[in-house]
Structure formats: structure tokens, C-alpha cells
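Could you have a look at this structure, given as C-alpha cells, before my questions?
Naming follows writing order (A, B, C, D, E and F), and every chain is counted from residue 1.
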Amino acid sequence: MSLQNFIPTPKFSDYQETFKEFYKLSRDEDGVILAEAHTKGGSIQLSVENHRSLGQLFSTVGADPENEVFIFTGTGQNFMMAVDPDGFALEAADLQYWSYEYGYKDGRKHVSSLINDLEIPTIGAMNGPGFHSELCLMCDITICTEDTVIFDPHFAGIGSVPGDGIHCCLQELLGVKRAAYALLTGHPINAQKALELGLVNEVVPREKLIERAKEIAAGIMMQHRTVRRLTTQIIRRPWKKRILDNLDGGFGIQMFGHLAKNKAIHVGIKTEGHEEGSYLSDIEKAVKK
Amino acid sequence: MSLQNFIPTPKFSDYQETFKEFYKLSRDEDGVILAEAHTKGGSIQLSVENHRSLGQLFSTVGADPENEVFIFTGTGQNFMMAVDPDGFALEAADLQYWSYEYGYKDGRKHVSSLINDLEIPTIGAMNGPGFHSELCLMCDITICTEDTVIFDPHFAGIGSVPGDGIHCCLQELLGVKRAAYALLTGHPINAQKALELGLVNEVVPREKLIERAKEIAAGIMMQHRTVRRLTTQIIRRPWKKRILDNLDGGFGIQMFGHLAKNKAIHVGIKTEGHEEGSYLSDIEKAVKK
Amino acid sequence: MSLQNFIPTPKFSDYQETFKEFYKLSRDEDGVILAEAHTKGGSIQLSVENHRSLGQLFSTVGADPENEVFIFTGTGQNFMMAVDPDGFALEAADLQYWSYEYGYKDGRKHVSSLINDLEIPTIGAMNGPGFHSELCLMCDITICTEDTVIFDPHFAGIGSVPGDGIHCCLQELLGVKRAAYALLTGHPINAQKALELGLVNEVVPREKLIERAKEIAAGIMMQHRTVRRLTTQIIRRPWKKRILDNLDGGFGIQMFGHLAKNKAIHVGIKTEGHEEGSYLSDIEKAVKK
Amino acid sequence: MSLQNFIPTPKFSDYQETFKEFYKLSRDEDGVILAEAHTKGGSIQLSVENHRSLGQLFSTVGADPENEVFIFTGTGQNFMMAVDPDGFALEAADLQYWSYEYGYKDGRKHVSSLINDLEIPTIGAMNGPGFHSELCLMCDITICTEDTVIFDPHFAGIGSVPGDGIHCCLQELLGVKRAAYALLTGHPINAQKALELGLVNEVVPREKLIERAKEIAAGIMMQHRTVRRLTTQIIRRPWKKRILDNLDGGFGIQMFGHLAKNKAIHVGIKTEGHEEGSYLSDIEKAVKK
Amino acid sequence: MSLQNFIPTPKFSDYQETFKEFYKLSRDEDGVILAEAHTKGGSIQLSVENHRSLGQLFSTVGADPENEVFIFTGTGQNFMMAVDPDGFALEAADLQYWSYEYGYKDGRKHVSSLINDLEIPTIGAMNGPGFHSELCLMCDITICTEDTVIFDPHFAGIGSVPGDGIHCCLQELLGVKRAAYALLTGHPINAQKALELGLVNEVVPREKLIERAKEIAAGIMMQHRTVRRLTTQIIRRPWKKRILDNLDGGFGIQMFGHLAKNKAIHVGIKTEGHEEGSYLSDIEKAVKK
Amino acid sequence: MSLQNFIPTPKFSDYQETFKEFYKLSRDEDGVILAEAHTKGGSIQLSVENHRSLGQLFSTVGADPENEVFIFTGTGQNFMMAVDPDGFALEAADLQYWSYEYGYKDGRKHVSSLINDLEIPTIGAMNGPGFHSELCLMCDITICTEDTVIFDPHFAGIGSVPGDGIHCCLQELLGVKRAAYALLTGHPINAQKALELGLVNEVVPREKLIERAKEIAAGIMMQHRTVRRLTTQIIRRPWKKRILDNLDGGFGIQMFGHLAKNKAIHVGIKTEGHEEGSYLSDIEKAVKK
């Protein structure tokens, strides 16, 4: 027997409880774990708090050797189309502090954890339109509903330099030219176009979304555990390179721009009903079509 | 007050004059500057002289802090389908000297200036078929007319190693396999196909070309100046990497091949009417279709 | 006269003989060399022996300065859909030794030789469905028959970590997301889809396959010898980077996974008729459609 | 108030307790945290268990925003010169499983956590000779005692492919040629030579080691919190690139070699007294000089 | 004759005049150009104005084809040990605007121009201690006086994130570990140590500094013009890679930190006589030794 | 039994004979193979013929699985200090053809073969002063005699752009600044300095050179065959990256410069006795000291 005992790895029932305000977690007997992100049981409304929870979730799930495939999705009709009304009060109160803690640190951490800390296959199931779609698009395999719309509101919507995870994601998946257009114009991409461009792997009816994700997971589970885990290191290499090349510096440039404007970044994203003629109102209309 | 005064930055009215033989320059009150390249008022006819002027223009425009968005286009029905009949007499007279000065130095400089010296958003508006389309395609956003045709005549047309800006551009936008095919066969790509492949972002009727470019510029101008400028550093990163990886060496290989053949590179590209059955005659026919 | 004489380069008639059990080699007066891979005169049946012969062929052809364009194809209706029934007996007998000699060394060598040792333009002519399609897809230009199907059976078919040449190939040509899907699910891609995705440059009727390859070769041969050869160094640069970034390490990860399972990798790929419901049986059905 | 509350970050008193069997943790009022690694109160004796604890420690410390500078050191006269006698029983019992879990996963995780999860300045204080010195050498600043000896026993000592963290570390700090020599011959480097070669930044008397580390930490603490944290992203960029380029693949190659030999990797490293004439006996003698 | 005439390249006598308040420019008949930077005839005192002039000088000199070797030095006993007392009044008055214009844009431009716009061999002749030594160290060849001291005051001196040109320079020349130490502690490196570490190529007596620079220039001038110019593209490739990898992002991170502190960056660097016990007072003492 | 038989790998006795005019080859029972390069039994005199033979040798030795460690050295007092008097008659007769065949192709091939085709540990034993020292310096381990002098005569000696293997080698081992100095000034580095700078691993008396190389080989042979071979893929990764990044393009730039001068590159390197005051005469004097 060794002279020292393992520091325990996280137990599912424990972190299921810890994260319940943010994610509905369930796991089958094979170790396929499903995380349904929510705010108060409905679609995600972005806040400093749930932004931080993403990296915390990914690294916790990755540290439990009993998890074997990870499925990530949202809740309700949208993936993320709103901001918690008071969700950025903290940032506004002390922009200098939170621009690092909330923005630069947490924002890089959740992308990095998704790619690096989860050494098991990941499936993103995008349950409708939303920003921060990189959370689904940077999973190994991505499926989405027919009404999903992908767009980046940073530049065109909230006047922010688009330097965080979503810009890495779009540059990797769309290439330099289509990404420049998407980032500078905020032009939305619907599910069918996303499939053609290779942003997602499959478009499925809403009611089949989780079922199909589980089918794919079951196919993956047919192979040997070590093979499954090693395969993630092969298929994610381009993501790892992209993050290294673009994220630390890009996010720094974004926050520099943020502070140069000297105001909280999330002004103007309401829970529902954006100002007529604004970027987000346009997206909402595009979504409804 | 500082002990020293700024070296003046370029003034628009001055360089508007300096460059008038090459570019019709105009600028609106917001700082959106439009450069219409021309030769004697018509479409560009490539020469040692206008080849050099490109880098000179881009670095001058970039050095004037009053420019905010840059639109680049040609003149007439073609972007660039001809060579100034005596435009390479200099090169032919002293191939060893000009292969460096005209080819290697100027040729790398204009690509590098477009990406590095112009820290403002750039829009390429390709006004018809032409070679050296990288001048429009490597702008941040690219639109083109419905009759635009994109092709690289280096290998198939004039027997040159395709190692300059256009090869960087096509490898970045088409990927290794489609680029190899385009470079080795000289196969032309029409506007619709260019849109599908992501070489351009929009195809617009000829008469709307500049109007649409200005609309896009206006959308960009709605954001904060620093945010606009920093965003160029985010969206161009893949171009910067591509240039570093491929251009200095690739251009060296091209000029090595050029001197190994020991003749001026631009023989055979006439102002109008190419030899029946030749590559460029084929392109002209493709263009007319 | 120099003090020493050249070590002779390989002679066509010699290596035509040496390789005849593996490749039918022919060469025209211009130096366009055609290699038709076969097993016993029919489609390739993979074995330790013909796996090694690939790198041997590519480096030999590359060392003969009289070869000018290389065309590579298979034989019969399939490119490679079977395994020599006893072709991996060696590997099974001494997995530890052959995992390096056959797998890691030969497997990296043939990819590396195709890209690095053959400094002449290469044309892959895929003559039907098959695995290890990277042998055709990593040629400079690739054409295929209408019934060609491209897929990677490593993960989904034989439970192996997909870390060898085909994974480099698919990541380069499909991008991270489509490649992850293809590698994790083994989903087959037919000729038309392969053309749309840019995996191949042209789809041609089976009976025209070699004729079309020769036409393309003839077009290339119109240019200067040095220009042709230097051009390969331009157009292959992305392949060289991909191989450096992914192959040595990726193949190491694959073989680690292989030994962790501790059984020969090619179990279950029969010459004909795979178990009903198995991955390869599904591919066969897909192929027949 | 936001709709959701932060998932709590780790509390010092909690993880001080959790890790006490592995690390003596203390923290001053400024947030300078000191971790003294030990086995049963003495020098580290490597085992599967404490190997895993490293990544667990680094990511926990990094997740607590109250930590500001991290100092890492060992205990006693050596940093790590022995193996827990039964510390690899697990690995020997199921080499296929543990080669991934213990080797590939934990081994990459602790290097990656040190660089990526700890966004605060780190100081390695090497308290004597030892293997796995990358744990100290990959801290931002490294100091060591006068009797410290640095060496890599993988190839020359235990016949393993040197592909894990220490090889990344030595290639980054020594360059390709000195690293090749150190890795292939196992040649030990003493403190003075390590200083000349830039492996460490300062050599200090043993009794001043922690005091000096704290002095350096105090100097760093004079600057603004955000500045300190952002600076880590600047100064570690080369480590991040090295890890991306070398670690996933290199470790895969190492484990491939490990399984090809098919025996547990840590045979032959005893707690004290190695076989006369063996590599480790030679190192012990070198250390004593 | 071509249809268009060259836009004139800069004339020496013109720009000698333009830049005279910043640089004493002289040129011999071979085209060896010497730039002696000064403020009011003495050592450089950094200001927003002379900071901008650097990039302006380098790109102007590079655009004149009659320049063949460039020698850059300072004036007086120091290279740059002071700040123009009112030199940053502009920055303090509008930090948001000037952090981009003065900091991010000019600061990246002068490094980039030195490496990219000057395609002729460059020799840095550091005439004494100073910050922003990258201006000399990033020349192709660097010599310095015996009393030169190299240090980076960003972190330890003025509490700034060290992300601009000097950090690129020190990481390239010192490697990750020595650079981290130099950047975090601000530890000064004297001329002899700089020679040993490879920061400079030769240490020469002050009175011989320019003479020796000219001797080296004369040696270079013995070779063919094109060969000299192409050689710069070979020997600078590592600088080009470093700048691409580190500068845009690193500088963004620096300015983010700068704005997070929300005060002008150059507070506390006086023309002479720094506060006792401060970092710069310590450097002054180190310099005097 | 497989359906096809292995294409035979090279047999030692065969290639020992084939290469005897260039290399004295011997091999012990363990597979340690020693290649002593010579011209007519004495030190190497560079020619088009022996330049080509290098790549031929390395790929042949690498293709024989019975070779286990490779030792490369020269003959006599010098490694390579002369040019075969008529060794470049071919090049002079048809510069355009041979600049590719001899220069670009063979010159890249021998570097690439040494690193890629020889998957066994390599030891360079430099037996005295010489150019093209990269042949020894790019072996995994390098030892040299006390009178060895390392220098690059391309720029300072023969007026050539230094873009081939030696520039890769010096940039990798010396770093950007020392390499720029060595390449631009041709400054020679003696054995002791080479050891300090890490160009070589050990300096040994001439009479012990081969003995010591064999001792090191014997140490390496104590480990498992697969471990030895895989280790080469770990320790050479920086060389592989350097070659990819610099060689194809750098060599293209060199040959471009070469043809721009339009004369054979090896004029002026005599077998013995160089013109007084010339670069090579200076090196000879330096060597004699």
C-alpha cells in the first residue's frame, strides 16, 4: 500500500447539488453526463455568477473519473438571449476589478476548461438561438435545433472588441474572411446555413435534440475507455492551438477596448424586448423568421 | 509642453494630390476614405510603377489618424486584366536588380502594408475580373460584382512559381487542396462560386458596389474609434500568421524560379486580345460567359 | 572533372521490376509516371508488407530525377476495402516490435515521403471507396470516381485512436469540427459531398479516371521543370505544417491506445463480407447505394 | 442582485486540511501561499497518489482569488530522490488502465495546472537534488540550494522515453542540443551550472531558501493585483507554447514506449541505496560531491 | 516608357531636415546611414512625441532605396534614462485616446518598422544605460559601451504589465526563465553580463562605439546589394515570429492593465534624481557602479 | 502468410560498397554504424557529387532496420576546409539547372534526411575545422576535437545569402542575435567557445574522438530498441520545427540571391592557400591559432 492516500475526486451526488442552481445534472449508468444550463429553470440569462460557474462545472466534471461522455445544452426555447437584469451590477460597481476577475479570468477559464479539463468526448446540443454559442460549438460534436441562430453581438451589438471565446470559435470554424464579416457586421447565421458552413454537425428537430445527443454518446461508448479519452486529444488539437494563439492576447485587447470606453460591457442586452432598430432587436426578428 | 513636437502625420489633401495618377482618393466627414485605382482613368494596367504605389498608398493612408475606414476598388469593367505595354521594360533591362526591388520588396510590402500599416477596417470592392485579386480579398470585408472572376495566372498563365501575395490569399481562403488546384491549373472562380467558397462576403450588382461598401463602412462607424481599431488586430490575426509563414520564403522561391528561367515574368500579358488557345485567352472567354 | 562520381540515382526499369508485386508502374516520354497499386492484380488488401512498400515507392520515385509528375491510383472497383487475411500475422505475433516497425515508423514514413520526398507534382486518382484515402487525398491534386466513398474506420470501425495520416488529412481538409464528427462517428462521405467539401478537386466517370489524371499532368508539364518542382514546395506548405504538428505525436497517442488494448489493430476487417450490423458492414452498404 | 449566487471558491482552511498529508500549506496576510511538499513529513517519495495530488493542489490554489503569490518547495535534504516502495503497486496491477489515468492524464495535468490554472506569480524553491524538477523549474522564478542537482532519469535511469513534463522543461531551458544530451545520457547538472545555464535564477544557502523566496514574493506584491496577474500571462507564453507543441504528443510517445516494454515504469528507484554501478547510484554519488 | 511614373521615394536631404529635432542623420557615399537620437542635443528624454517619431524614422529610412546599412544610437552618457517632464501630459489628459494612439499603435509600430520596413542590415550601438533598449537590441547586430546597463522598469519600476517591445526582446534573447526574472524583478544586466548572455555582440569603449559600428557596416558593404538585403530576411525570421506571437496580444494585455490602474503609465520617471529607495534610484546606483 | 512479400530493406554489405568512394562504413555487432566521410581518403573536398551523396547515405542507413546508432565524422585534420577543384564545374556549366538540383534539392534533402529518415540516435564527431558543420551539429549529440572551428562562410566568405542548413543550425543553437552576428561577420567559433555556447556537448582530444563517440553509443544501446527510437522523435522536435519554418523558404531566398548575382557560388574556395586578406585566409589563420 502506498504511503499516502488519494485526495478524493469529486462525487456526482455532491456536485449535482452544488451546481443545481445553474445546471440540471443527470448521469446514466455508463457515465454519460448531461448538463442542462438554466436560470431559474428557464433559458440562461447571463450574469457574472453563471459566467464563472461554467469553468467551475467543466473542471469539476473533468476531475471525476466516472464521467465518460459530456452533453451540454441549455433550457427552453433559447440557448442564451438575455442578460440577468442585475447580473452585471458587480462589474459596473468596480469595473477595474471585475474586468479581470469576471472578464479576463473567468472568460478564458471556461473555454480552456471545456477543451483541456474535460478529457472525455463532449457533445454540444444547442437548443435555440443565443450568444456565447462557443459553449456548444467548441464541444467535439455539435448538434442544434432547426431554429438555432448563431451570431456574435460583441462589435455590432454592444460595441465591444470581439476578442473572447466566440471569436476563437468563429475564426476556427468559419475561416478569416467569413469570421471577419460575422464579427464586424454581427450577421446572424441560421441552423441550415450553420450546417452548410460546418459550424454544427447535425440539425435535428427540437424534440429529438437530447435523444440524438444520447444516441451519439452511445455510439462513442461502444469503444474502449482509454481509446475514447485519447481520441479527444487528437480531435481537439486545432482548438488547443487556436486558444493558445488567440485567446490570452485577444481577450486582453478586448478588455483594453472595454476599459478605454470605460463602461460596463453588457449595457443594452435586456431580458426581453430590445429597442426598435437596435442590433439585438434585429437579431430577434431574424430569429423569429 | 513636451520638449519636442510631433513629426507631422500625412495630410489628406497632400497625398490626394501625390497619388492622383494612380488612385482617385475621396474622404467623407467621418473619415471613410475611398481609393479607386486606375491607369489613365481606366482599369489598372500593371506596371513596375503602380505595383510600387500600392504599398506607398497603404502606408500613407495608415499613417494619417484621420482615416477611419478604407475602401479599395478599381476602375471600369475590370479590376486588372492587362499589363502596361511598357510597364516592365525596367525589369527586362536589369532583371537581377528589379527582381528584388520590384518583385521581392515591393511585392511583399504591399501585402504587408495592407494588413499591418492600415489599423482601420478595410473593405475591398472588386469591380470585375482580375489578377492580383488579393488586394481586395485580403481586406477585412470583400464584396464584388456579379461578373467578377478570380484566378491566379502565375503558374498556368505565365509559367511563374505562385509564391507571392495571391498564393497566401488563396491558401488561407481555399485551404490547401482547392488552392493547389487553383494554383496549378489556373482554374477561374466566378463570383457566385467565390461567395460559396467564402472568398468574398457579398456579391452585388455593379452599380451598387460602392454604395454597398459605404453602407458597410457606415455600420462599422457606429462603434467607438478605439474599438474599431483594436478589432482589426483581432480579425486579421490569421492573415498575419499566413504572411509570416508563407510570404518571405514563398516569394523567395518564386523569384528563384523566375531567375532560373531568366526572363522577365510578365511576357505575354497584353492589354487586350491574348493569343488564341493561351491561358489568358481562355480566362477572357470564361470572363465573358 | 570532380574527384568523385555521383552515386547513381534509381533507374526506372530497375524499380519497375522491384515493385511489380505491389505497383504496376508505367512512365511516358515526358516523365509522367503512373503507379497502380494492387494486390495479386486486384484491389489493395492491406498488409504489413504493402503498408511498408508505400514509403519505399515514394522515396524511390522521388530520387529519380527523370520522373516529372506522379499519378497514384488503385486497381479494380475499390481503392482499399479489405485486409490481407494473413497480412497482420506478423503484428499479432509480436505486437511490441511491430507496433513500432509497422505502425509508428512505416505509417509515418509513407505520409512523410509522399509530401517530402516527391518534389514533383502529384495527382491522386481514387478509384473507388476505401480506407487510407489520405494516400490519394494528400496528393497535390485529387480526382475520384463517382462511387468513391471516404471514411475513417479507426475509431468507429476497429476501436483505434485515429492518430495516423488519415486524421492529419481530414483535419486539414475538413477542419476541426467536421473532422471530429468523421473520426468519432466514422460517417462516410460520398464523392459528390467530397467535392463540395473540398476533399477532392474533380469527380469523373470511372472509365475516364486515368485519362483525366493524365490530362491534368499534361497541363502541368507545359511549364518549366524548375518552376514545376518549386511550385510543389509552395502548395504543400500547409501539409508540411500539419504533419509536423500532428503526426509524430498523434501516431504515438494512437499506438499508446493500441497497446493499452493489447491486441492487433486490424482484427475484424475481412476481405469480404463483414458481420451484419458492424461498422464495416454499414460502410459496405453505404458504398453500394 | 443577480438571479443566481456564485458557486463558492475554495477556502484556505478547507484545502489546507484536505491536502495536509501531501503539502504543508501556510499563507500570510498578503496572500503569499507556501506549499511544502512532503511524504510522511520527509522528502517526497513518488507514488501514484502524490503524483495526482499535484494537479489537484495547483488547480485548487488557482481557484481561490485570495491567493496572490505561490511558493512551491519540498521538504528535507532532497527534493525527490526516492519512490514510495509500494507507490506504484496500482500501476503494476493494471498497467493498461493506470498508464492513462496515472501517467498520461495526471502527468499532463500537473504541468498544465501549474502554468494555466495558477494565474498568480509562482516561485519554485528547489530544496535539494531530485527528479521531476520541472515542478520547480517551470515556476515563474526558480531558486535552489547549493547542493541541488538536476537530471532526468527517464532514458538513462529507468529506460523510459523522456516525453513528459521534464522533457518540455529541459528543451525550453537548455535548447535542443543540451537537452538531447541531458535526456540521452542522464548527465546531472549541479546548482552552479544550472545557474550559468539559466535553469535557475538564484542559488542560495539552504537555510535562506524560503526566506529568499518570500523576499522575492514581497517585491512582486508591491505592484497592483491586476498587473501582477496579467504579467503571468506575458511571462509564461513560451511555456504555454512548449506545452502545446510537445506535451500531449510527447507523453503519448512515452506511454507507447512504456507499454511496448510492457512493465511498470518505476522499477529500480528505491527509497535509498541503489544498485552499485546503476544510473541512480551514480547520481547519488554525484549529488554527494 | 510606362504609362505612370513612380511616386517618388524619400530624399535624404528632405528627411534629414524633417527629423532633425529628434535624430542627427548622416550618410556616407556607400549609403551607410547613422541616426543619433537626441532630445535637445542630449540623451533621449522619452515623450509621446519622440516615441511616435521612431516608427516614422524607420519607415522613412526603409523607403529610400539609397540607404544600405542603418546604424542607430543615442546621444551622451545615457541611452534613455529620463522622461521629458511634460512629455506625457497628452496621455494624462486623455488616457483613453492616447493609450491607443501613443501606446498600442505607436509602440507596436516602431518595433514592427525596425524589423519589417528596414530591409537593410541594422546595427544598434547602445551608448549607455537605458530603458527601451529593444531599439538597439533588436537591430541585427548590437554593440554597446562598457557602462551600458539593460533593464526593464515596467513591472518593478512603474507598475506596468511588461507587454511591449522590450518583453518580446528579452524573451527572445534571454529565454523564458531569465526573462521572467528580469521582468518581474527589474534586475539590471551590465554590459559584460549582457555579452555573456548574448544580449549584445560586442562591448567596446565608449569612444570607439561609432567607429566600430562603421567598421562592421563596412564589412557588410563588401557584399552584393541584393545579397545583403535578402540576408536580413533570413536573420530576422525569429524576430518576426516573436513579434507575431507576442506583440499585438501582449501589448493589449499591457494596456488593459494600464487602464485597470487608470493612471498615466510614466508617473515617477524623472529627468534626474529618483526618490531614494525607489526602483529607478536603485538602477541609477547600479549604473554608477 | 501475407499475400505479398516485403520489398527488401538495404543490406549493409551492399551499401558499404556503393558508398565506399565517399564514406568508410563500419558496423559493430550491436548495430552501431560509423560513417567516416572522405575525399580520396583525406578530408572532404566539397563537390556537387559528395553533396548529393549525403542525403543518399542518410536515407539508406535509415532504411536498414539493423542499424541502431549512427556516428558521423570526417577524415584527417579538417572536417571540410576545401572545395574539389573541379567539383562545381557542373554548376558553372548550367547554373539554372543545378541551382535547383544540386543546391535547392540536394541541400535540403541531406538536412531533412539526417533529421527525418534516421530514426536512430545520431552522434556527430567533428574531427576539426570546417564549413557545413551542421552535418555534425544537427546530430542528436555532438562532440568535437580541441582544434575544431565552426563558422559560416556564406555571406562573409563567398557572398551568398546564408539560407541553407547551417543557418537553421546556428539560429537554433545560438539564438537570433549570436546567429545574426555569426552569419553577417563570418566570425569563427573555436571548440571551447562552442562548448560554452552549447554548439557541441563535449570537446575531446583528437585521438579519443571516435572512442568517445562509441562510448556514448554504448550507453544509449543499454536501453530498449523501441525506447531508443521513439526518443529520437522527442529530442529532435525542435529541429523538425526549425527546418519546417526556415529551410524551404530560406533556401529559396538563398538561391534567388545566388542567381541574382548570376555566378557559381563556390568560386574562391580553394583546396589550399586562400588569397591573403580574404575571409578564408583569415579563417585558416584562426584555425591555426
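Here, contacts are C-beta pairs under 8 Å (C-beta built on N, C-alpha and C of every residue); 3 or more make two chains touch, one makes a residue touch a chain.
Computed from a predicted structure; not experimentally measured.
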item	value
For subunit A and subunit B, chains touching each	C, E
Comparison of B-F and A-C by number of C-beta pairs in contact, larger one	A-C
Shared interface numbering between subunit F and subunit E [over half = same, under half = different]	different
For subunit C placed onto subunit D, the superposition rotation in degrees, Cα atoms, nearest 5	180
Intercentroid distance (Cα basis), subunit E paired with subunit D, Å	37
Distance from subunit F to subunit A - Cα centre to Cα centre, in angstrom	51
Centre distance in Å when subunit A and subunit D are each reduced to the mean of their C-alpha atoms	32
Set of subunit D residues in contact with two or more other chains	96, 100, 104, 163, 226, 230, 233, 237, 241, 245-246, 248, 250, 252-254, 256, 260-261
Touching pairs among all chains present in the structure	A-B, A-C, A-D, A-E, B-C, B-E, B-F, C-D, C-F, D-E, D-F, E-F
Parts of subunit C lying in touch with subunit B, wherever the complex brings them together	121, 137, 140-142, 172-173, 198-201, 216, 219-220, 223-224, 226-227, 230-231, 233-239, 241
In the complex with subunit B, residue positions of subunit E that touch it	1-7, 18-19, 21-22, 39-40, 45, 47-50, 52-53, 56, 59, 63, 65, 84, 86-87, 89-90, 96-97, 99-101, 104-105, 112, 116, 119, 226, 229-230, 233, 237, 240-241, 244, 248, 252
Subunit F contact footprint on subunit D (complex, rising order)	155-156, 159-163, 167, 171, 174-181, 183-185, 245-246, 250, 253-254, 256-257, 260-261
Interface residues, subunit B side, partner subunit F - complex	96, 99-100, 104, 163, 245-246, 248-250, 252-256, 259-262
